[in-house]
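First chain written, first letter: the chains are A, B and C, and each begins at residue 1.
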Amino acid sequence: MSILEIKDLRIAYSTQAGPVPAVRGVDLDVARGEVVGLAGESGCGKSTIAGAILRLLPKETKVEGQILIEGENILDMSWGELRTVRWAEASIIFQGALHGLNPVRRVGDQIAEAILIHDSKKSEKEALSRANELIEQVKLPARRANDYPHELSGGQKQRIMIAMALACDPKIVIADEPTTALDVMVQAQVLNLLKDLQRDLGLSLIFITHDLSVLVDVCDKIAVMYAGRIVEEGPAEAVFETPRHPYTKALGAAFPEIGDLTYRMAPTGLGGDPPDPMLIPSGCSFHPRCPSAFADCPGNEPSLYPAGDNRRSACLLVDQENRKATT
Amino acid sequence: MPLEPFDQQPVFPEPAMPDSGPPLEEKIRTPRQITRARRRRAMSRFWKQFRQNRLGMVGLVVLVFFIVIAVCAPLFAPKSATTETEAAANDQPILVPPGWHCSQKLVTDPETGLVTRVEDCSDSAKVFYPLGTDGSGRSVSALIVWGARISLIVGLVATIMTMLIGAGIGIAGGFYGGKTDSILARLTDWFLVIPWIALAIVLASVLGQSLFNIILVIAITSWAVTARLVRAQALTVVTRPYVERARALGASNWHTITRHVLPNLFPIIFANTILTVALSILAEATLSFLGLGDPLSVSWGTILEQAQGAGATTGGQWWWVMPPGVAITVVVLAFTMCGFAVEEITNPRLRRR
Amino acid sequence: MTDDAFAKAPLVEARDIVVSFAGRQGALSGMLGAKAAEARAVDGVNLSIAPGEIVALAGESGCGKTTLARTIMGLQVPQEGQILLEGNPIGMKTKELRTYRKRVQLIFQDPAAALNPRQTIYESVAEGLRIHKVEGDEEELVANALSKAGLRPPQRFFLLYPHEVSGGQRQRVVIAGALALEPDLLVADEPVSALDASVRGEILKLLLGLRDDLGLAILVVTHDLGLAWMIADRVAVMYLGRIVEIGPAEDILTSPQHPYTQALLSVVPETKNVEQIILTGEAPDPTRIPKGCRFHERCQLVARGKAAELGIEERCRTEDLGLELAAADHLAACHAVKKLQ
């Protein structure tokens, strides 16, 4: 059974200039123990989805569709039910987590706080000892619990954030750009840690980032987002090695394989910018920047067409190919 | 049929912004025109926002009222009405409350030589004193109107001096950093900590009593607050990459300060200036009240001083004591309200959502 | 042996650069004789850049690459060492740097922050021209620079403000501002890391184009080895204030000789088919530079016993060393390399 099912999610922020559609119809399933990668750039809606799963978006935001955690729709829950779900069933490691720690409290206390909020029956001592356990689980010595955030390095702070996310034994953890601000070596350490934890605890993980090459290493399945929609979905390696959507191809080209001579002195990129959510182009939202755009693209909005084994791609070219194959 | 691949189109996609600017032909102008047009647009935008701020508008109206009064002082009463000799020469009644009053005359009895005060209460001889008269017979309203000039001018000039010194030191410290900043910061702290009244009294007694000296004293005791504020803001501006870019381009320090640092400090300096005027007026009133002001000029502070000295506060002559007090309060409040309004506009974080 | 012995006659050369920052010292403890820890951000570096060459200065945060780049730019005064332009040392005072500035320009990491939000694009690009009082029709020079940076037609951009254009276009404006002075060397500090991933290639293509068409030399400071693979001729890898490996990009990135470079490359997500060497801990801070080879505390050769096998472990712990020849043009500061020469 899927731990998390997102069905036709539509989210629009309320701003002074009117509603801004951040997510425009997203379906996503995360099975038990599965690691799903959500790739995309600024403005594509991935962080919005992360916030929506735990209903952390601003009150005025319009959220439509369904988000089912273990079969129950989060969006329909009452405040009390929601509070039990938050952190105990699903937790988040936020983007910019390095600033997410209270600088005037010891990190052990902050983890213990997360535990006590959820289980007030536990005594402080129990909470602190559980916090120490968690800190060791993230491969830091338990005595670090007594440190203040400024005494820890970036990588160590990130591990504390991971420990905090695991405090209430959630079934699914959403990691929003967990390694973006870290050096390559520290990033490797943290990624390895996440992989080990996921395997040992049987966690489901949603990994959000713009770095496609990181996802290949960690995820079972990748969904690529653009302008509030998923444009390609499939097994991680397949999506990375043989992209079936021009955007995925362009995103992958930004992180070339070192040693691959085709990229030597030949950087490729897309002109323009990811679209402003207020001014999404007509038809296929990617067409103004697409190197393979053709006459149908500005007029027809593609849906996710089958593109191979367990793969889907929202590209009219894929649709054309499919039609040709069946004729 | 494939569209032209993106990198063969001119590398300027239509900006995905609602206002991509007016059409090409009408807009090519010289850089100076561009700067001027931009400034005009910024000012009208500011005014529009200010108009919406009720508190600011009330303050502005009050200020304009007082400025008009100060400027048009001669229309209300001749300057001579503020002198005691004139009042005596006109035999004006002493310490009378507001209203119509009989004029008085000194009549010398030709036979006995006795000088007596004779009241002439005929309709034609009655004089209206809107705020009564003071202990020397001067119309309080005339004093207020002429006092407005002194109070406002002293406030303004003292503020200009304060801002020049304070902003100058603040920017110098923030921009140059290092030893310069250490020294200037310590200097600023020193002036901040000294109780300003004590310093003011000492300075006034050393420098002597004159209007210019009051201005000097106020400037010397007030610049530190501004310097601190400006320095803090300058430190954030100076670290911004575009300031380093100017350095990388080869700009001299002067160019960087005038073209990049100052324009970004302008909003905070502007807001601070308005608030400083309020404080300067208050400071002038305080110093005059303490007797450190120019004894020959009439400001709201000196009116209060004289009223206090004559015992008007306990003697029940409210029309002598209240008007200058109210005037000071109202003007200071008005400046403060305007200052807050400006601060709210220039610092978006202070705005209510 | 200098590490640039094989480069062409250099355009800009950094010789024996040492940049250190004094730590903060409390007044009281200072009076009692305690000295603040000194942070040696750059600890003896030689680097030269030939005309038309693209050199990537790679390393993690804290290795000193940004400080070195800023020293080469003249924005940071080194405690020791010199910067030479075509063989002549440059003075470090503002006036003396003026002419240097026209030959060497800087591209910033965050284009949104690098442009004064109150100035139009025209004014931002024209600023350099006005500072140096360059002769000629200003409008034409600005238009030229914008065109060279790929913003066409340039007039369309004159009156726009930085926030009205896209991230990639903003970076092009910053590049145009640098190009307006017709420099010979561009120092690019993380030129694409603040841009969206799909846009990065365009800017990198532009930089390559500038080298090919205008003969510009470029020093790219980056933590992204994939970027170095895409555009660099030579790569210099820095660790804790020193260059630990330098050589042609293809050599360094496909057969690295220094253990640090090997470890870095193994963990970069873009490398495939290599066993990951994950170093323990994090880079020590520049106030506590280890004795001997500065990398020995984390070195996988020491940790896995390889150093002992080669008999160099003692040397790794006690002897500091400079760059040694590993292959043609390829230098690495490692005792193992020295031994196997």
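To be clear about the criterion, contacts are C-beta pairs under 8 Å (C-beta built on N, C-alpha and C of every residue); 3 or more make two chains touch, one makes a residue touch a chain.
The model shown is predicted, which means the values in this text are computed figures rather than measured ones.
Ranking all chains by how far their C-alpha centres lie from the centre of chain B, first place goes to A.
Contact analysis places A-C first among chain pairs (by count of C-beta pairs in contact). Of all the chains shown, the one with its CA centroid nearest the global CA centroid is C.
Centroid to centroid, with C-alpha atoms defining each point, chain A and chain B lie 55 Å apart. One simple way to say how far apart two chains are is to compare their mean CA positions; for chain A and chain C this gives 32 Å. Distance between chain centres (mean CA atoms), chain B to chain C: 52 Å.
Among all residues of chain B, those that touch two or more other chains are 7, 11, 16-17.
Residue positions 270-273, 289 of chain A each touch two or more of the other chains.
Across the assembly, chain C contributes 166, 169, 202 as residues in contact with two or more other chains. Chain C contributes residues 60-61, 166-169, 196-205, 208, 223, 225-226, 229-231, 250, 253-254, 263-265, 267-272, 276, 278-279, 282-283 to its touches with chain A in the complex.
Chain A meets chain C in the complex at residues 41-42, 153-155, 183-189, 192, 210-214, 216-217, 247, 250-251, 253-259, 263-274, 289. Interface residues of chain B facing chain C in the complex, by the touch rule stated above, are 7, 10-12, 15-17, 19-21, 24, 27-28, 31, 34-35, 38, 240-242, 244-253, 255, 259-260, 263-264.
Of all residues in chain C, those touching chain B in their complex are 73, 75, 94, 97-98, 101-102, 105-106, 108-110, 113-116, 118, 120, 122-123, 126-128, 131-132, 138, 150-153, 155-160, 164-166, 169, 174, 177, 181, 202.
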